[in-house]
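In what follows, subunit A forms one complex with subunit B and a second complex with subunit C.
Take a look at the complex of A and B:
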């Protein structure tokens, strides 16, 4: 017997027997499959309230669970069936924190392609809502640090510091955060691309403009790596920005 | 035609002043050739892209409101951004500032506090492709073409955020939703939401042939996760490149520096792994238009493309 939306049921709750005899009656065949009931400990209704109260999460209650978002989602279709936006919204509205936590390893995988938001017939900003769910979970300490959040914070810190980002520093900084040993020059503390443990593909890609003698490109990017491009008149604005982000708890831990 | 304005504020974004220099240079060339004027937005800041918005809501509103305020200061009602991420962020801010009064008031108060002029009016943001299509159009491109891209088979890759979501990109009028005011209005100039065609039209006017690229033309390249979630991005890029190759494309035309970088980076990594049918190079659509307008490969900085489209273009006698 097929199970509808099997990815929503944990494998250990599915019992399948080759031969099953109950009270002396052989019920093998169509009845050999049992889904064990799950235990729900608590509903946390404040969780949904917190989401509704944020400006980007207030559309969550318009959802009528049609699953158009899940049908559109490339992560669900091409990567992992357990990534199911409709189900996450359902769980968040009910306040089933335990169930959300069980899916913490896939919940961050949204690639922000906005197919869900675009196609939702009820006007739910699905992508935004999912990010608010994640943000709320992180704020309550319900989910561990996940890769995309690390990157988001790393990116945002650069924006906050300089007003602009720079590709080289972003790339090498991220490589370093992932545990590669990036060698830096002793004076300006900037990464040197060719020595150290940078991954092979990155080495080869940085070699390309050198091999093709693309001098202008090299000079521009070297200059940007050495002297990070900055927005002028940024300092006063930076303080306001930092204050706002601290209020939202964005800079914590 | 001619509804957006010939002279607009140009928000290049961080990427175009660094690794995606070629897109900036070629965009200026194409705009000049088509008789359009880009007014560089002085002293802009990063839009927060797809990353900051996951960390802070009000922060991204502020970042984008500052850019809008700068555009107003330079006397513009329209901002044009060549990057999908930048135009998305600005349009997202536009949506929330227009539909949520409390956000608008808070942002204005904070702008004043930060020493930036508050917004008297919210400027509209367009993607540069939309602007080219509506202010110049295929007819003008045809007139200006000196060296048609004859024989070049192009897979037009639009990426996610050019037409999506309709709330921000305003690609269609949505009927649902409980809040009457929150319903987005369709913009007259907007591209088709599921089957965008502006880039096809412009490049076909320049003599190129578009290959069938649906539904990968708006498939995600991994986007904000291209560095943090490598396995998923790799798979998505593989699907895009293989579809292009198997449909006979010589080159992929891109219109976003992030998609472009992601495609080139993972193309290289997939080729190192020996995955078949992924060796299609990528070039910005403005680079191809620049070539058609008679500029040399050096003028449009084709050397900057790490996927190296030069051999393909040379074989067809286009560069």
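Take a look at the complex of A and C:
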């Protein structure tokens, strides 16, 4: 059956059934198409309460929807208008989960510039609150983990292992994780830069600074890549840190 | 000193005016239509007064006591003003009990009445027992001291406040386009009280604007949200329906921030009533020839005077909610200001 003014109906509200039986009557054929109403039937207040009750989500209650945050947000202004911190706060506070999910593809895009938090006239910790919303959604399986989270995990692992990061190993190790074929040295099993498969953007990103470096600095970097520098006495500390982070659930997210 | 002042109305403004005149030693005649002094807050059992969160008896009790005891003040209950003639400084007034008095000045403090929500049929007041007015919620608190659904006596899980019922509404005619001025603040207070005593009850306020002006912003708008977790949703409730399946009400509105229609279940819906001039105000305005707002019928102050209490008739002063929505503390202050003006007008020799 044709839908008039199709452009006004979101695709997810259109249900088509091959066979449709309502109250025992087979209405397959012409009556196999249903357009779901747009009406909000209820609020999911448990979701909202979970956010308010988390220590970093408390300030969500202070929001009065002035949209100072969104007006200041670079992601909203220069990337995608669907990224709207003020709107996310309203949706989360009423537990309008389906509306939040419609924006799941943009919700991870915060660049953590903290303009929103610094400018909020009501003292809402906007950036923190948005992270709580995402965390709560991820916990309930309402949103997929954003790719950058995987990098964050890799980064955290490096810090936990050595007490500090090493740029070369971080970059090329990450490339390996992304599925590029890297060539590793036979002894220490570490990726050798630029020998294997290297994405073009990484070449451009790294070659320019490398060309302008003096030879002593290059040798130092090469040494660091082979022998990862460690924070002094890190081995004693890292087990404690890892244990604490695991207990607090900080490694889970 | 034989010159007398007539105070019409025994509510907050009238009481304050009479008390101040009594204290100044001016002979005063206070007439009140009802059988009790105190006006709406006492007669209708308000629970807490905004903005100071005091009880009506705490605020008005001392006024009533002093007015009843002061020998300068003569109180006549169940009495109305019937007619007035004469000129400023020498009015002859006739009362509903047949008496006539000569007075030098008149203070009008005839007040307001609450909007009747039956006029907004789509809101279901009088049809569904769980749709109540904010006045009935006050009485629930003050008389019974607990929150319940009138339909089954149980504690509601969700309470909705519907703002601006009978206010800012051209559909009711030109009479109700003004803002009631107290509704936003009182709803914030009532919502906070509910959340304070019943933390498991969720409270929603459906608003168009939140007009908690001046210093009311924090205690009646920010605190309900920040301290008590009252939720504010922008959108006027267009219709209230009842679902027999679960015995709950549905509030139909558009969430204007989400831009989607909504029909959300609620257990108790509180209509925030607007203010209208009382019958007494309209009647007294005609008797005394006072200027009225052509739309709302509230009294309006003299155009020549910057003061709010000087009427268009010399020697007649207007105070309180007969001029439009007003809070209790301003009402009391206006009564006192009107008393001072009246005392000056009649040339009273004041001894303190």
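Operating definition for what follows: the second predicted complex is superposed on the first by the 189 of 253 C-alpha atoms of A that agree within 3 Å, B and C clash if a C-alpha of one lies under 4 Å from a C-alpha of the other, contacts with A are read in each partner's own complex, and residues count from 1 in each chain.
Rule of thumb we're sticking to: a contact is a pair of C-beta atoms (placed from the backbone, for glycine too) under 8 Å apart; a residue touches a chain by one contact, two chains touch by 3 or more.
Predicted model, so just to flag it, every value in this text is computed and none were measured.
Of the two partner chains, neither subunit B nor subunit C is touched by A:145. Contact with neither subunit B nor subunit C is seen for A:10 once the two complexes are overlaid on the shared chain. When the two complexes are overlaid on their common chain A, residue A:96 makes contact with subunit C while staying clear of subunit B. Judged by the touch definition given at the top, the superposed model places A:38 against subunit C, while subunit B stays out of reach. Contact with both subunit B and subunit C is seen for A:62 once the two complexes are overlaid on the shared chain.
In the superposition on chain A, contact of A:46 is made with neither subunit B nor subunit C.
In the superposition on chain A, A:197 makes contact with neither subunit B nor subunit C. Put simply, more of the residues of subunit A are touched by B, taking subunit B and subunit C as the two choices.
In the superposition on chain A, the residues of subunit A touched by subunit B in one structure and by subunit C in the other are 62, 122.
The part of subunit A that touches subunit B in the complex is made up of residues 54-56, 59, 62, 74-75, 78-79, 109, 111-115, 117-118, 120-123, 125, 127, 131, 134-135, 147-153, 155-156, 159, 163-168, 170-171, 174, 200-201, 204-205, 208-209, 212, 214, 216-217, 220-221, 224, 229, 231-234, 236-237, 239-241, 244-245, 247-248, 250. Those residues of subunit A whose C-beta lies close enough to touch subunit C in the complex are 37-43, 45, 52, 61-62, 64-65, 87, 90-91, 93-94, 96, 99, 122. Within the complex, the subunit C residues that touch subunit A are 202, 221-222, 225-226, 229, 231-234, 255, 257-258, 260-265. Within the complex, the subunit B residues that touch subunit A are 14-15, 17-19, 21, 43-46, 48-59, 62-63, 66, 96, 100, 102-103, 110, 113-116, 160-161, 163-167, 174, 176-179, 182-183, 193, 219-220, 222-225, 227-229, 232-233, 235-236, 239, 261, 265, 268-269, 272, 301, 303-304, 306, 308.
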